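Structures for review follow.
Consider the two complexes below, in which chain A is the common component and chain B and chain C are the respective partners.
Here is the complex of A and B:
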């Protein structure tokens, strides 16, 4: 996969805390091709947002990182060089967050915020920048964009603010957009509209999308491939259909089973909850991080790091038990 | 129909917003605009709708925390406005969304769950109260060891169990659950939903389940009311509402549900424009500016439920 836009191999991130070293990411491998959508899914604290911060060069100060490879467009990402990263951020890699109210500056007009990046990165003239802002606002579905450039964030609804954030992220024509829970703060009908918009833009612009979410439904709808994270590790990676129809890690399987699914789960029936809780990531540990919550756990699960197994060329999982045996045990 | 444990009769509520410094007139945000509903003993009624639809205002009125501007709220057939705070608390208890914000961080779990017993003078001795707390922790699946712990030492799921134990310690007949699993991870959500199902089966408790998550509502509720801008636009048994929605807004909500099924048909959400402004309600049917099926009549006349199940001039077949 030499054509990967983003190529990460063996990324470890540790954070110094008063209680000891916290292993936030362990051996994360990720590749995204140009124009591809990769969903990264997992529960709180699994490391999905930390992965995004590492790519953006925005890790917390107490964090240390190490990777075999961390490259973008074929060149190493200069994550420790704040000036070089500032040139990439917003220009080649852009990011949108869950809550557009906290990521837009309340004291500046939308127009000022939209043109700031493109003037800085591309040296565009004020007129060119303004034209591009109007064009993009119209494209993301903001009516009367010329007039709205002069307004402030609080004058937009939550859904409109996220549209403005998307327009702002696209100003400099980035090749990779990282979206961290982009619709979690929105109502469901608005969420559907924003997801549709992201899907259209991605196709039109050939944009690669790293979509971070806790919602398996969003991944199923939006992504080409999915990486499932648990306790700082990727435990399964596969094309979306394969991951959801033939989940090969017990955690992926358990996550899907825990959800009530309209039309499929019998109302009022017991859901398959996952017992226990995520292990502490502080200090050293060996073996599979999921083993204490896993119905299939066996003796071998406590030994050594679990190597990545391949089900086929595109489907990998990190479990010592063959997926063919899952159904017979968990049924 | 006097057997309802909780009832709202044509309840209206507005929040007055302060006028501006320069003399702009005071404006009123209409949170509830003529809401009637009943909760039967042991029943689970789901209440769904988007932000600003009035769901949480309904919860506050039913808990006696807010007096409606007009209309009546009844508990066991008696106006809530005339009941003492303590009498309401013995019958109706809340479970809120955020188990991080709703537990006092400086108190032990035992003190948090036992506080209501002390306030209501239940349990003659400290030992008797302690025993009752232990029973409650056991009921919600928490180890008795945790009685001495503080909220910060617990996971999100454990905290929500504490909130449920606290709500149940007075043996209420009704739980008002306002987004009870929205702050929880998927695996923990399943634990809490199972617990609510268990408790309902064992204690015969009635629940008002407020949620924006339709999958959760379908799983728990026997009847569902759909709210839009302060009004109930559809109310029906869960099975018929989920399989054959009659209001175009209900249909749009259902079409927005995403499931982990990559091959599921992608139904487009046929909604126009954005959410309406509760400070400036549209004429006629509040939903008409967003409704793909709107006719001229919808902008003029406001449809009512009129004792039926759907407030729409042109309901879906």
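Here is the complex of A and C:
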């Protein structure tokens, strides 16, 4: 367990707002081994992106963070040291964003944006950087990469832009790639291509991948392990197979139940949904955040804090009710 | 799509060419800039050469004109055409000089305020508000009267007064750009704040800056003329359009052309610059790369 590439324990992030303290992350634990893919799922606003930004040291100005452990490659991440962090960003940890339409600068050529990072980090010469850019553009499947370096973002299609973003993230050979909903803004066929590309690159380069998504299908397809987040907490963490076959938190269960299954979900029938809304994260908070939407909620659920239970060495969940009893209660 | 791929710059150039006010503005400005640059070659006489025997010779369309002095002579017998041509140097020099300095000051302040926000923004906004509260002409008059007037102090004083519009617009535009994903993406690549400001944000402001610059050049030129007219700008015998209007003041009843000629040139230049600014705004804005 000590060989984790990224090791986070007890990460809290609070954001000052006019209405009070917003607890964006509460005691998040995450570990990613080298070459591993961890999927982080959860609905909007549950803290997925906030986790990514905390790792990158790019939290919004109003955010305060605290962590028991936040280390990368065995050393603490210098999150508060802007300069040291800038040396890591893009070089050892890279990130790609949700919307390739807006994450490329419209007024700079693709070439300029691609070589920016590698010139900054490796001090590569303009020619070396350009060669690497052409090589990577070709690798991510952009035809005629040499000529396209001189073009602007609007001359690329959405899928191509995301390919360019991936190329730019890989320029400096990072060890960890954080992908924040990399395919949400793309249509389904392109989505599949981009995911295939990410998977190939991960295997080729031995890249660890932190894949943030709200799509369980993507997780099932790409990830080795999955962490389910709800209201700023990780409520379940397990190897992908275990999470889908033996979900142990009512929220995970509900998410999986909400998935339409081709062939089995009848066309036109209502899809299962989780009733209720995510609780307000502003101000004090006690007990299980999911209890108000949970079919199994009992008295013990309001007690604080909900301990993390271990089902086995790799499978953990945060619920006071033993998973063996879930089926009997909800059925 | 194929249209977008076909050299957008050439497309923009074609649209610019069709823009009548842009073309006429550019033509007038180009003419005056060329005249200013090649003034020693174009001017038929030395603009400082006095000839008291031939004072106030009328221009060519009036009776008693002298073919040697196409636009006549002033109250000291200096060739008016030569003085007008050399006067273009002062006006354009002040206009471009002031805006170059003011643009750098205003853009730097606006970028910092918009990008960093918080206390930096509060501090810079205070500076901007303070500057906006000052009446330009009055402060310029006081400053020039205090330091003494020369072309250089005039440029410096005006530059220190005319950066406000740059700062205000750049600040607002930067606030809008700061949270765009490509800024975060650049940060995620390890770019420093300075690098993001200059490399990512500034290129997006280029169009706006060009338009503000043209408007400010026009204002700087008018201010120079006003200060020179009041005797606190360019000093005699240097030819400046504002100063020439001041010198022609006493003859306004009998020889109004002494004022009309430099006044018309001033009007023409400022009009041309405004036409250019409007034209640039029209052609640059809808074609902004997305």
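Definition applied: the second predicted complex is superposed on the first by the 327 of 331 C-alpha atoms of A that agree within 3 Å, B and C clash if a C-alpha of one lies under 4 Å from a C-alpha of the other, contacts with A are read in each partner's own complex, and residues count from 1 in each chain.
In the analysis below, contacts are C-beta pairs under 8 Å (C-beta built on N, C-alpha and C of every residue); 3 or more make two chains touch, one makes a residue touch a chain.
As the structure is a computational prediction, the values presented were derived from the model and not from experiment.
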Determine, under the contact definition given at the top, whether A:271 touches first (chain B), second (chain C), both, or neither. first
With the two complexes superposed on chain A, say which partner A:259 touches: chain B (first), chain C (second), both, or neither. first
For A:44, select first, second, both or neither according to whether it touches chain B, chain C, the two together, or no partner. first
Now for A:168: first (chain B), second (chain C), both, or neither, which partner does it touch? second
What is the contact status of A:127 with respect to chain B (first) and chain C (second): first, second, both, or neither? neither
A:152 in the overlay: touching chain B, chain C, both, or neither? Say first, second, both or neither. second
Touched chain A residues, chain B compared with chain C: B
How about chain A: which of its residues touch chain B in the complex? 43-44, 157-160, 187-193, 196, 214-221, 240-241, 244-245, 254-256, 258-262, 264-265, 267-268, 270-275, 277
Chain B - residues contacting chain A, complex: 50-51, 155-157, 185-191, 193-194, 197, 212, 214-216, 218-220, 238-239, 242, 252-264, 266, 268-269, 271, 274-275
Which stretch or stretches of chain A touch chain C in the complex? 56, 58, 61, 82, 86-91, 94-95, 97-99, 102-108, 113, 116-117, 120-121, 152-155, 165, 168
Residues of chain C touching chain A in their complex? 4-5, 117-118, 180-182, 184-193, 195, 199-200, 203-204, 206, 288-290
